[in-house]
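As written, the chain order gives the labels A, B, C and D, with residue 1 at the start of each chain.
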Amino acid sequence: MNAVSQGPTWTVLLVPVLLGVLALCGAAFARVLDARADGRGISGGVLAAPLAESGRLLLQQRRAVVASDRLLARTGVVLVPVAAVLAALVVPLGDRTASDLSIGIVWFNAMEVVTWAALWMAGWGSNSVWGLLGGYRFVVQGLSYELPHMFALITVATGAGSLRVSDAVAAQESLWFVVWMPVAFVAFLLSALALSFSGPFDTATGRDIVGGVLAEYSGVDRLLLVAGRWLMLSAAAAMSVPLFLGGSGGPLLPGWLWTLVKAVAVLGLLVWVRSRTATLRMDRFAEFGWLVLIPLTLLQALVVAVVVVGMTGGM
Amino acid sequence: MDLSGWMRIQATPRPLLVTARGGGGIRVAAERVLRQRGWDLASTPAEADLLVVCGVPDDDALAAAVERVWSAFPAPRARASVHVETDVVSELDRARVRLDDVEWQRSDIAARTGAAETARAEEHTGEHDHTGHTTHSTTEPACGHHRSSDPGGGHSMGDHDMGGHDAHMMHGGDVAGLRMADRAPDRDGLALDQLHVSLGPVLPDWPAGLVVRVALQGDVVQSAEVEVIGEAHPDGSSWLGMPAAAAALDSMARLLSVCGWGTAMRSARRLRDELLTGAVDDAELGRFVGRLRRSRTLRWATDYVGRLDLPHSDLAGDATQRWRRWLDVVEGREAGHRRGDHAEVALERLPGLLEGQELAAARVIVASLDPDLDSVLPRDARDRVR
Amino acid sequence: MTLQTFLLLACALLAIGLYGALSQQSIVMIMMGLELMVNAVIVAGAAFWYYVSPARPDGQVVVLVAVTLMAVEMAMGFAVQTAIFRSSEVDMTDMATELKD
Amino acid sequence: MAQAVVFWVCAIGAVAAGLAVFRVDSMARATFALLASFVLAAVPLLLLGLSYLGILVILMMIMEMVVMAVFMIMYMMNPAGLMPMSMVHNKKGSLAISTGTFVVLAVGVLLVDWPQRQGVPPPDVTFALGEALMGSHMLVMLVIGLGLFATIVSAVVLSHPRGRYDRFGDDLRRRPPDDPIPGSVDARSLTRIFGVGR
């Protein structure tokens, strides 16, 4: 009943639309939390604020800085949202997926790493000390979260016995991976925040360096970067559903709705965590990542590997 | 009405606040109005469309910095100068109208294009190409030389050297009128390229009037020089009359912003304003303070940062101890004294504290000391403080 | 697409990499040349696997080894550069040869 | 047909990007030109059905190139900027040698009588690779693993100026350690992270 199959080609076009809607929901929820902290009422204006802000940025003039490297800067800016949409291609909605790649999990990983290059190019290309520092910080952060992230993905692949996302969903028919891979799930959620440079992992765009990578970007460029960040966070939240939360499995409701409900719930959780934490300092997080997260996720992978070997009756 | 006009009106403006010394009270009033309207604060001119100057920039350096920031604003843009607290609402309203005034914006763009072109004809520096959007280059400040770091004030740094033989000879030189990085030994025993950046006077969540010139390697501060610009305003600002608890919350809000906790920063500002109007809910205030005290991520950001050995001083200890003391003041457990000598001690110790720190830690140090330069220093202080 | 076209692509990449490795002075640029040459090995390995003996995994293993080699080369290159730089502020090979005295 | 078009576009692109590495004006562009060359050269791998290895090359190369970019910041900190760079020695000789190499190899490629194709790819090539590494080619896997481990250790030793004796003192007892930036993850802060004790 949980079998996921390749959808028709036109479903590829549906991915950016759905991902955009999910991203707008996330951004609107963030606005609601902000408005509550501000002591303002929750009105339609607050919910529509992300759209209104997008409109404002569309009308705003783009600016460029003396001696900036426009080729690299533009490439980086465009790549951020593109990478997010490409990463989301392998996420199944209900029992259909836009592209059921045989190496879907590695694909997601690779597309997420594209953000490294994109953000670095955008930061460097803007020819500003803040952009440079932002790009620099993001790479340091990447080196700290990437290995736990990869180990979390490897754990899922081990449990599923495959790199195909639909196989991971099928393997969770009886028991969701989140139940016996909790460490991998937490590591994945942390890296979801980190790879979309949001929440406690927003050093690359921190207010202490006046927006970092974003500092010099206005108008459409800024819109692409900010939207790209939300799309990436949404893609990661959506990806956690087939990887850990049993895909479309659930009672009563149709499968596609369950996928959406779970994705929205994970996204809501991530946005809420954002509002409850200060930015993690990079040197501390680097040490935490290497000394705590990597050993823990390795241990988790070991446990899962032993269980899988035991279940299949040894070699 | 056309579509772009409709979109323009739906959007809320993004103000960038600039505070002159003595403008603290005005800043608090402006922050209150902006918060109530839901106009989120920008941190860089690229993001903003509204420049709000709180207080009078009665100093050449600050006035020049404000002009530089203003010229870095993309169109459409508007500015408001608030000299008196009671003018906040009317000035903001006026600026908002101007922001939506298509005619005014059009003439502004035309004026800027003209000015930039004459400047370019005179200076004739660098090779910037005009391909595509001609309006782009008009947003650049005409002067090529400044390397201050007004938030996104533009090309804060010079061209890039390619690390070749030729490039080595260029170290420390100027390329296209822009200062290049030079080399100096660093804390890990590598002599790496160094950048000269000045923090302030226009920087979000930064003490009004403070300028810190730093040399950066990577994001490690190698050396720092402190300067205070602008005239002191010993009186005439409601800032002095602010209750200690509200002042402590104000400092806390900046620290939270620097530490990247936007939601808590908003709550701190709201509670500060409610304290000022006497409408604060004590239970909520208590919950808020408790949440900050329990926050591990906040402590992670401030523990061991900027340790000062000053017995019996409010500035003693690391940043965590300092902000915990503010929370004591907020809760009324401690009197709280923003005495004049605090700022002077802080300025004196600042360079030593900043050296060898990462930029993030440096920002936390400044925010945790939060020297109140508005009223404290005598008029000749600029020469005394080094 | 034939084996020959793939191998021609590999040859071109190898030649460019060789030119870079021989002509550049900066250590980082030399490493870029070496990486291009390893890239040629990857393309050739994959082509041989597909067009000569797709049933055996050896070609794939060659590609994997090449990818690993690239990572090792990169890490050691930067480590050595950092060590040299620390002792003498040099990031060019011509200058590094003078270290002998 | 479509495959052939993709192959030729990517092959020519990869070569062009490779040439660009040594011709562009800035280190940043050189780095990302190299990255483009790798990504474009990985696409033919995907065409051959090596999806895992193709994506792996892309993933690894992005990370490597970005790390390379960080080293550029370390050694050359000015951002962006385009300045003509020329740091070559013996340009003519290198050009002659590499052109000669290309001609010789290309002639070889076209003249050699390559063996006939034997067998067909297995249904799951990635699975076959994994099986080979864990079975018949176990030695390769061991060497790769040990090699990477040795690389990590030696790279850190070579590039890091401070050892644990610098941090913890001669008897390794100094707590907290003496770091340029204090506040490392020692036992004390670990307990705090996990909420044991206040």
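One rule holds in what follows: contacts are C-beta pairs under 8 Å (C-beta built on N, C-alpha and C of every residue); 3 or more make two chains touch, one makes a residue touch a chain.
Remember, predicted model here, so these are calculated numbers, not experimental data.
**Student:** Suppose every chain is reduced to the average of its Cα atoms; which one is closest to the average of all protein Cα atoms?
**Tutor:** A
**Student:** For the interfaces A-D and C-D, which has the higher count of C-beta pairs in contact?
**Tutor:** If we tally the C-beta pairs in contact for A-D and C-D, the bigger total goes to C-D.
**Student:** Distance-wise, how many Å sit between the C-alpha centres of chain A and chain D, to the nearest whole number?
**Tutor:** 24
**Student:** Averaging only over C-alpha atoms, locate the centres of chain B and chain D and give their separation in whole Å.
**Tutor:** Chain centres of chain B and chain D, defined by C-alpha means, are spaced 40 Å apart.
**Student:** With chain centres defined as C-alpha means, what is the inter-centre distance between chain C and chain D in Å?
**Tutor:** The mean C-alpha positions of chain C and chain D differ by 9 Å.
**Student:** Centroid of chain B to centroid of chain C, CA atoms only: how many Å?
**Tutor:** Here the centre of chain C sits 46 Å away from the centre of chain B.
**Student:** Could you pull out the residues of chain B that touch at least 2 other chains?
**Tutor:** Those would be 157-159, 163-165, 175, 188-190, 195, 218, 358, 361.
**Student:** Two-or-more-chain contact residues of chain A, please, as numbers and ranges.
**Tutor:** Counting only residues that touch two or more other chains, chain A contributes 67-68, 127-129, 132, 136, 283-284.
**Student:** Can you list the residues of chain D that touch 2 or more other chains?
**Tutor:** Touching at least two other chains: 26-28, 56, 67, 72-73, 75, 77, 79-82, 87, 161, 181, 183, 193.
**Student:** For a test of understanding, state which residues of chain A touch chain D in their complex under the given definition.
**Tutor:** 67-69, 71-73, 75, 101-103, 106-107, 109-110, 113-114, 116-117, 120-121, 123-129, 131-132, 135-136, 139-140, 142-143, 146, 163, 283-284, 287-288, 291-292
**Student:** Using the touch definition from the top, list the residues of chain D that touch chain C in their complex.
**Tutor:** The touching residues are 3-4, 7, 11, 14-15, 18-19, 21-22, 27, 30-31, 34, 37-38, 41, 44-45, 47-50, 53, 56-57, 60-61, 64, 67-68, 71-72, 75, 87-91, 93-95, 97-99, 101-102, 105-106, 109-110, 114-115, 117-122, 125, 128-129, 131-133, 136-137, 140, 144, 147-148, 151-152, 154-156, 158-159, 161.
**Student:** Provide the residue numbers of chain C that touch chain D in the complex, in ascending order.
**Tutor:** 1, 3-9, 11-20, 22-26, 28-29, 31-33, 35-36, 39, 42-43, 46-47, 49-58, 60-61, 63-65, 67-68, 70-72, 74-76, 78-83, 85-86, 91-92, 94
**Student:** For the complex, give me every residue of chain D touching chain A.
**Tutor:** Residue positions touching the partner: 26, 28-29, 32, 35, 51-52, 55-56, 58-59, 62-63, 65-67, 69-70, 73, 77, 79-82, 124, 126, 181, 183-185, 190, 193.
**Student:** Using the touch rule from the top, collect the residues of chain A that touch chain B in their complex.
**Tutor:** That would be residues 33-35, 37-40, 45-46, 48-49, 51-53, 55-56, 58-68, 127-130, 132-133, 136-137, 200, 202-203, 206-211, 214-219, 222, 274-284 of chain A.
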